[in-house]
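Multiple structures follow.
Each of the next two complexes has chain A plus one more chain, namely chain B in the first and chain C in the second.
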Partner chain A sequence: MRSIRGFQVVIRRDVINLVTNPVLLMSNTIFPLVLMIVLGYLTEGMYGNEVTSYQYYGLTMLIFMSLNVSITAANSFMENRIRRSNLRILYAPISRSIVYLSKMIATFIFTTACSYLLVLCIYLMFGLPSKGFTWFYFMLILTGLNLFAATLGVLMCCIFKSEEVSNQLLSIVNYSLAIVSGLFFPWDGLGRVAEWISMISPVKWVAEATFRVIYDHDLAFVLPTLGICIVGTLLLLIGCHRLFNEEDYI
Partner chain B sequence: MRQFQILFKNMMRRMVSRKGILLISLCIPALVVTLVVYFTSTFEMKTNIAIVGGMETLDLNPDFFHVDRLDEAPPTSQLVRNRYSAIIHDQADGDYSIETMKGESFKNIVQTVLTNPEYDPKLHKGRSVGITILGYLTLFLLMQGQFYMNYFSEDKRIGILQRITATPIRIETYLWTQICFGFVMNYVPTLLVLIILKNVFQMKIGFSLIQYSWLLALIVLVATTFALFTTVSFELADNAIIFSSSVILITSLLSGCLYPMTHQDIIETFTAIFPQKQYLMMAEAIEEQTLTRTFILRIMYIGLFVFGLFIAATVRCQRKIKEG
Partner chain C sequence: MTILEVKNLTKEFKDQKAVQGISFELYSGEILGLLGPNGAGKSTTINMLSMMMHGDDGEIYFHGKRVGNHKNLYKRQLGIVPQDIAIYEEITAEANVMFFASLYGLKGPELIQSVHRALDFVGLLDKKTRKPKTFSGGMKRRLNIACAIAHEPEILIMDEPTVGIDPQSRKHILQSIKQLKEQGTSVIYTTHYMEEVEEVATRVVIMDHGKVIANGTKEALKEELEEEKLYEIVVDQELGLLGDEWYEIEGVKQVDMEGTCIRIATVKGIENLDKIISFLIDKGVRIQNITSLSQSLEMVFLKLTGRRLRDEGE
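Presenting the complex of A and B:
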């Protein structure tokens, strides 16, 4: 019982830390919105009226934002401010895994709330086809991706023991995957070579699932995507458990 | 000068001592530049059309169009994702319907091409190789500039900066050394890779190497001074990186790094204050070989921007040191 209460306290504190960090807050709410508007504006001429460029980038930038949750997670491990509180948590009579579990859960809660808010925004601003439960499945996909990305960010920190390195690596990986999966521009129409390359990127399959759900009302991809996200999260958590050493925090 | 040498040598030694990070810092530009150049030259700019059910007599010009003949219509999501720009359904008796997400004008273009196979819709004319590569490189170099300011933020954190202020080394020298270090780390690998790609692999890179040498130098200067300014301003390095990445991405997109700006309105005039925009317009002028007065003005603007950022960073740094 004491353990669960301790858990709650730490998670609450971590969520508050995230919300009161203006840069992280901005990069999870305003920044994706601005990106959508800018990209939609730039490519207005390439789309018609049924599917506007704003709709396209509304969806793709939400997926991109879910990818960047890993960077938010890595940043919630901030060294100077959190280091001493991490130490206190390690000394406290609760499980030592709480240090990284709480960061992951706090990031997940925070970013999923932001995601849902943004979904509401794009629905109101850009208007997407809404039939039945397609929105529900889309938000489900985003939630799964958020979970996976949060765990990935925490794992990167455990491996590299430095936020800057994790940041740099995750940035590069996220941007590369986003470009190859057609989140920034329609990669799919660039020829056979491009198509083969994009098959490697898991983000492409997430984007494929999203577009099929929203435009074709085809739910075939949703369950596999969610399944892989959850299984991936569990595997990453096992990795965290193995790799996390208290000694690195002293 | 002596102080500069001491500081610079110190930074170089620190960099060499962290071999892992050094390796990553060198591999990433190499990889990215190679991919950018490779993709710009290999990617087809053809329009993808899907034809469903027949129309064997239809022959679209293979230079402009890539045609897939399918038995079943592909799902709508593939149209949205631009896997196919248009789907043509054959409805027998020479009748057909065109389905596309790209708007009425595109539909009309396809219609015209179907009725008149000789018509060149000029859909495949994109930007030139040089400008495309330069656009991507601008974005990449601006982002990379942030990461080479690592040592500065580390100094701030560990307290080395405080110790340096107690020495006779002037803060301007220190900041200037940071800029030189960031410049060298950002510029040299990128230029080297371009040289190798052009001479060893014979890839097309658009501009000549001499042109690239000073074009890249200019944008790396902007990248480094901007990175310095944000690193001085933010207490936490991570926040600086996230903030500046966002700003860089949005301003670069608006300046036309990835997509050419097709709108001629107030936003376009607003984006003229971004150095990336001036930079790309300068590069276009070089390509078209029109060297006018505005060209010189653009270079001066970028130079002023760099200078202004450096002064701002120095002033802020001094103020922060005074406050402790």
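Presenting the complex of A and C:
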């Protein structure tokens, strides 16, 4: 019982830490919104009326933001000022798993709330097709991706024991995946090799699932996407459990 | 009554033996000064005592029970004041203590009472609504202590709690430690300030190269060295190697030279300071300062480790 209460207390604290961090709050709300508007404006002439540039970048930048949840997780887990307080949490008579689980869950709660807020914004601002249930499935996809990315960020910290190294690596991975998956520009148009590379990127399939759900009301990719995210999250959690070591905090 | 017993504790890092089979006890209501030069193994020992690090060998017993089998019971009775200030800067002092105390199962009115008691104890109750980012270094250190004592632990481990603070806060902290002792809390205290150990510690464990090299009350340890007098002489130039010449002076037992500072241990009862001064003048050096070191823990430490406590600590 004490561990469960301790878990709740730590999660609440971690969520508050994230919400009150202006940099993380901006990078999960204002920054993606600005990116959507700027990219949408710059490429306005390249897109038709069926899928406008604002709609395209509204959706792809949401996926990109979901990828970057991993960076938020790394920040919440091992940022210097948090790290020292985590040390004191580890002194307490609670399970050591609470430390990494709470960071993962708090990041997931915070970023998912931000994602939902952005979904509402793009829905209202960019005139996306409205059909209630498709948005529900789209948000389900984002939720699954957020969960996976939050766990990935925590695992990277467990492996590299450093926020800086984890963030550098995650930035490279996230941007590479975003580019080859066509989140910033139509990568497929660069030729057959580019198209082939794109096919092996999981993010490409998340984007595919998103566009199918929103524009075609096709749910075929939703469950596989969610399933992969959940199974991936569980595997990453096993990794966290094996690799997390109190001594790394000393 | 023995509250904590450390038996043959060992820890190796790759090819370095950080702690080599140390054993000592912590008695109820005492302040145990854990001393040692940098690299002596103090931090590793503290990390093992606080369950942040697993020893390779040996055991820790809390009230006669192996802590490995009763980890949470032990941790519930343990308060730790880490060397680095471990608090949240962005939330109030009260919220900080409340958060950490609640991890020990405190809740409701009991939690609030404990938090206020801890803040009052460190003299921050009137500043409970302020955020630590507005505090001075000393106030942060005091809050660091409040976070460790709110759950009223039986054992308090303090790892250099007075580093880099103003004299007023240091005085307050030392007073608080003595007060905790009066209330029955057992304290393990590490510091680089020997005068603090002299002031608060009831017993001292000195570590060097991963081993306990002395263990006893301050008085007992001082008594061990009472057959010696120690002079510290500062001269204007380095003397170089003088070999056995020093030992031709009657009573001289040991000479250590560090740059222009010479430490000379001589047999108690033999008055030879005039001869030592003459010897130095004959060597053509000018004496800048002579200190006769009285019997102190610093001398015990110096004799046992060959270093001053703060030589490498600052």
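Annotations
By definition in this document, the second predicted complex is superposed on the first by the 247 of 250 C-alpha atoms of A that agree within 3 Å, B and C clash if a C-alpha of one lies under 4 Å from a C-alpha of the other, contacts with A are read in each partner's own complex, and residues count from 1 in each chain.
The definition used in the following text is that a contact is a pair of C-beta atoms (placed from the backbone, for glycine too) under 8 Å apart; a residue touches a chain by one contact, two chains touch by 3 or more.
Bear in mind the structure is a predicted one, so any value in this text is a computation, not a measurement.
The superposed arrangement places chain B and chain C next to each other on chain A without a clash. After overlaying the two complexes on the shared chain, residue contacts for A:I94 are found with chain C alone; chain B is out of touch. Of the two partner chains, chain C is the only one touched by A:V9; chain B is not. Once the two complexes are laid over each other on the shared chain, residue contacts for A:L234 go to neither chain B nor chain C. Touch criterion met: A:D218 reaches chain B, while chain C stays clear of it.
By the document's definition of touching, of the two partners only chain B reaches A:G45; chain C does not.
Superposing both complexes on chain A places the Cα centres of chain B and chain C at an angle of 100° as seen from the Cα centre of chain A, in steps of 10.
Touched residues of chain A were counted for both chain B and chain C, and B has more of them. Once chain A of one complex is fitted onto chain A of the other, the partner contacts of A:L117 are absent, as it touches neither chain B nor chain C.
The superposed three-chain arrangement places the nearest Cα atoms of chain B and chain C 12 Å from each other.
Taken in their complex, chain B has these residues touching chain A: 21, 24, 28, 39, 42-48, 66, 75-78, 80-85, 100-104, 106, 143, 147, 150, 153, 157, 234, 236-239, 241-243, 245-246, 249-250, 253-254, 258-259, 261-263, 267.
If you check the complex, the residues on chain A that touch chain C are 2, 5-6, 9-10, 13, 16-17, 20, 81, 84-85, 87-94, 246-247, 249-250.
Chain contact summary for the complex, chain C toward chain A: residues 47, 50-54, 71-73, 75-76, 78, 80, 82, 84-91, 99-100, 102-105, 107, 147. Of all residues in chain A, only 21, 23-24, 26-27, 31, 34-35, 38-39, 41-51, 56, 71, 75, 78-80, 163-165, 167-169, 171-172, 182, 184-186, 188-191, 193-194, 207-208, 211-212, 214-216, 218 touch chain B in the complex they form.
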